[in-house]
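Before any comments, here is the structure.
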Amino acid sequence: MFNYILKRILYLLVIMFIISILTFSLSRLVPGDPAEVILRSSGVEPTQEAVESMRENLGLNQPVVWQYIDWLGGILQWDFGRSFTTGRPVIQEIWYRFPATLELALAGVVVMFCLSFPAGIISAVFKNTYLDHLGRFLALVGASFPSYWLGLLLIYFFGVQNSLLPVMGRGTGRHLILPAFTLGLGMAAVYARLLRANLLEVLNQDYIRTARAKGLSEKAVVLKHALKNALLPVITAFGVNFGYLLGGTVIIETIFNWPGLGKFVVEAIFNRDYPVLQAYVLFMALVFVTINTLVDIIYGVLDPRIASERRN
Amino acid sequence: MLRKGGIKIAVQKKQLKNKFFSYLSTIDKLSLIGLVIILFFIIFGILAPFLVPNDPIEIDLTQRFLAPNGEFLMGTDHLGRDVFSRLLYGIRTSLSTAFLVLIFSMVVSVIVGTTAGYFGGKIDQLVIGVIDTLLAFPGLVLALVIAGLLGPSLINLMIALAVTHWVGYARIIRGMVMSIKEQEYILAARACGAGDLHIILVHILPNIISPVLVLATLDMGYIILSISGLSFLGLGAQPPTPEWGVMLNAGRPYMQLAPWLMFFPGMAIFLIVLAFNILGDGLRDIFDPRDVA
Amino acid sequence: MSKTNILEVNNLQTHFYTKEGIVKAVDGVSFEVKAGETLGIVGESGSGKSVTATSIMQLLPASAEIVAGEVDFKGSNLLSKSKAELQKIRGNEISMIFQEPMTALNPVYKIGNQLAEVFQLHQQLNKKRALKEAKDLLAKVGIPSPQERLEEYPHQLSGGMRQRVMIAMALAAEPQLIIADEPTTALDVTIQAQILDLLQNLQSKFGLSLIFITHDLGIIAEIADRVIVMYAGQVMESAAVETLFEEAKHPYTQGLIDSIPSLNYSRESLVSIKGVIPDFFELPAGCKFSNRCDYAIKKCFQEEAKLELANKGQLLKCWRWRELERKGLGDGDVLTGS
């Protein structure tokens, strides 16, 4: 197990290295001369001398490889550059906003679990009944619902029409309800379907018949013997999707004026704040890859077959 | 005796019920509905110039915020434009953009995936390395940032989506090709002296076409959602282009005054995405690409 | 109902609803099991023997349904019992051992947990005591170092060990009847013999009744007291085990016996029944075996025979058994063209 974790971490480092190259080259996508862009965005007339000194300053006159090593060296010392707009270190800005995004994402996951688990289990257990058809139809609708439209509709009904819930900003737990629901619903639909399919497959297995032959109640058969097996693939999918979820908060944060990373990045895009974008990509990739690694490890703990495979 | 009769009646009922449910769960019927909705959208999109009652772009400030009525079926927006006309033109924007992204992703991923899967070795290692790295990014985040760096425009958005989108397909296609490659009939063809190109074109591609089409259909909904979502953020189509996400965003500040501005475009996105998902679901039940991959 | 009969199955009919139509997997099967005896059910795969077993336990897949018949266990019909009543009987009074020890145990739970479950369920023991009982039981079924096995997962055990665990599980609540559905088929020959020995020992020790399902007549000869031979969902012949091997009267049974490989015969003389068991939708109208039977006459193809009582309690479903008995079955020169 220890060896396996070590191997995974090594792999993570390799991936991060390639990601850093990719991220670095992303900055080359920017149309025009970065020096000029920076000068403009800080309100300085980009004269010949000003641009030249800025290029010197940024190290843009050096060969690309040197620039990359310089940049990477900075990052390894936790220096991601400074934001054009606020002038503060980018990494500070990101750390400052990450908790809000994480809070929203986790709340979305809670909503997702609360909706998808009962729906998936009921659908599978009552396969091909009205309940199942209803559940599957709702899942299809949920998966097709644009989150930004759902957000707007919720704001309209709960904020504009009734003022039942706060629709803007972050603060009390009540602020969290609408954004979390918006974020969780689409995912819940996907997971309900996934869980249903997995459960149906598991319920056909021999060991389920064994459990029934023991005289276990249907409830014990499904909740004890089937669910744990059906959850394994769901967990893998979840690892991949949690990263997407963190990215998916971008739109929801914008709609609900949630002061997190996503909103910050959208603002950075329109402010042409490139260091922020670069750091954001790198940061998200790091979070994403880390979560995947964690999920892999958890998977091994849950599935004894894999755990012993890794031991050998 | 009585009880036996009871069993028989129960059985007959169950058979009837089974029939009814198997009818209901025949996805073919449902996916047909999906297909019909899609065709409706396409026809309306193509015929938009002949169908629209009003100019979708011309501003008429004397007719702002008119609620849906006989003349303006879906009302007018903050600049006095006909929402219905803009919605119809929006079909063109959404479907054609999504289709182009899809075609690009498909072509690239089929070429890359087939090459890697068929030839294996060093090429495969290189490709799978690139794919794994790209998959390490959340796709939407990458697309968002690329679109942002390139500057907000529909073309840049398409590039950003296409660049990030082919990777997933390429991986699946590579897997399919690798398993098909090992089939007996491929060995037989090779034994008969068929060249690599011939084998790929004649024996491998036809076998991956249908699963790839299912994937594409299932994905079309996702691409449409992404395009409208990023346009909603201001990263895609720019005003005054009639695009659903842009329309939603433009209607947002007037939610209280003119709720129809956010209702109809959202409904349009939802319907077309639902239609593609229904169709894709039905097709998947027929082909089930997971079996092949 | 006779007092010594622990189980009586009457005219059991189980149908599968498939896309192609209704499959009568069990088509009017009747038999009884006496207290303490072993009933062997033998037949080729697809003969309906496993479905008969799962019908008794009512563990059928969703596409199947028992459409008629009675399963009287200790005098009351299991088919009219509620779900909760059935759950009290399953694993407690009747338990089952399955064919595939590889897949019959839940891969994500420890052996101890899966075994203790039965004690917790049917004897209301707490977890600690249940685990202790589980350990003792593992020792009884001949598993070395049972304490350690409790902490292991199914994939860490060999096939034979897993089947021992399954047997322990079936024994846990000290049932009166165990249904063993091809319990040795997936195992090596040496392990097979061990498992059979174990089952026989345990049976005499606990005085339980056993239904043993197999396609292997060799095993039947070793373990069964009485045998029923099934084909296409029907009982073709039923007899005490000695009677069956010495005086098999049904051509199908005879064919099965003749196809047992033996050291005394050369490969060439190994007789087997011609053809394979046909698809359920292509079964002949009359006797289900007629299209594979060397002795079939016109009547056989048109009409189904009824089970008839021969001497020594032997039951037969064949139009020609009297004739064939007189002429001597298997004398190819008299009756067969093949």
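Observations
To keep things simple, chains are lettered A, B and C as they appear, and every chain counts its residues starting from 1.
Note that in this section a residue touches a chain if its C-beta (ideal position, glycine included) is under 8 Å from a C-beta of that chain, and two chains touch if they have at least 3 such contacts.
All of these numbers come straight from a predicted model, not from anything done at the bench.
Touching chain B and chain C at once are the following chains: A.
More C-beta pairs touch across one of A-C and A-B than the other; that pair is A-B. Of all chains, C has its CA centroid at the greatest distance from the CA centroid of chain B.
The mean-CA centres of chain A and chain C are about 54 angstrom from one another, to the nearest whole unit. Averaged C-alpha coordinates put the centre of chain A at 21 Å from the centre of chain B. Multi-chain contact residues, meaning those touching two or more other chains, do not occur anywhere in chain C. The touching residues of chain C, counted against chain A in their complex, run 54, 57, 59, 61-62, 83-84, 86-92, 95-96, 98, 100, 103-109, 117-118, 121-122, 153, 155-156, 166, 169, 173. Partner chain A is touched in their complex by these residues of chain B: 21, 24-25, 129, 132-134, 136-142, 144-152, 221, 225, 228-229, 232-235, 245, 248, 252, 255-256, 259, 262-263, 265-267, 269-270, 273-274, 277-278, 281. Interface of chain A with chain C (complex): residues 127, 204-207, 209-218, 225, 228-229, 232, 302-305, 308. Residue ranges on chain A touching chain B, taken from their complex, read 15, 18-19, 22, 26-27, 29-31, 128-129, 133, 140-141, 143-149, 152-153, 155-156, 160, 243-244, 246-248, 250-251, 254, 265-266, 268-270, 274, 277, 280-281, 284-285, 288-289, 292.
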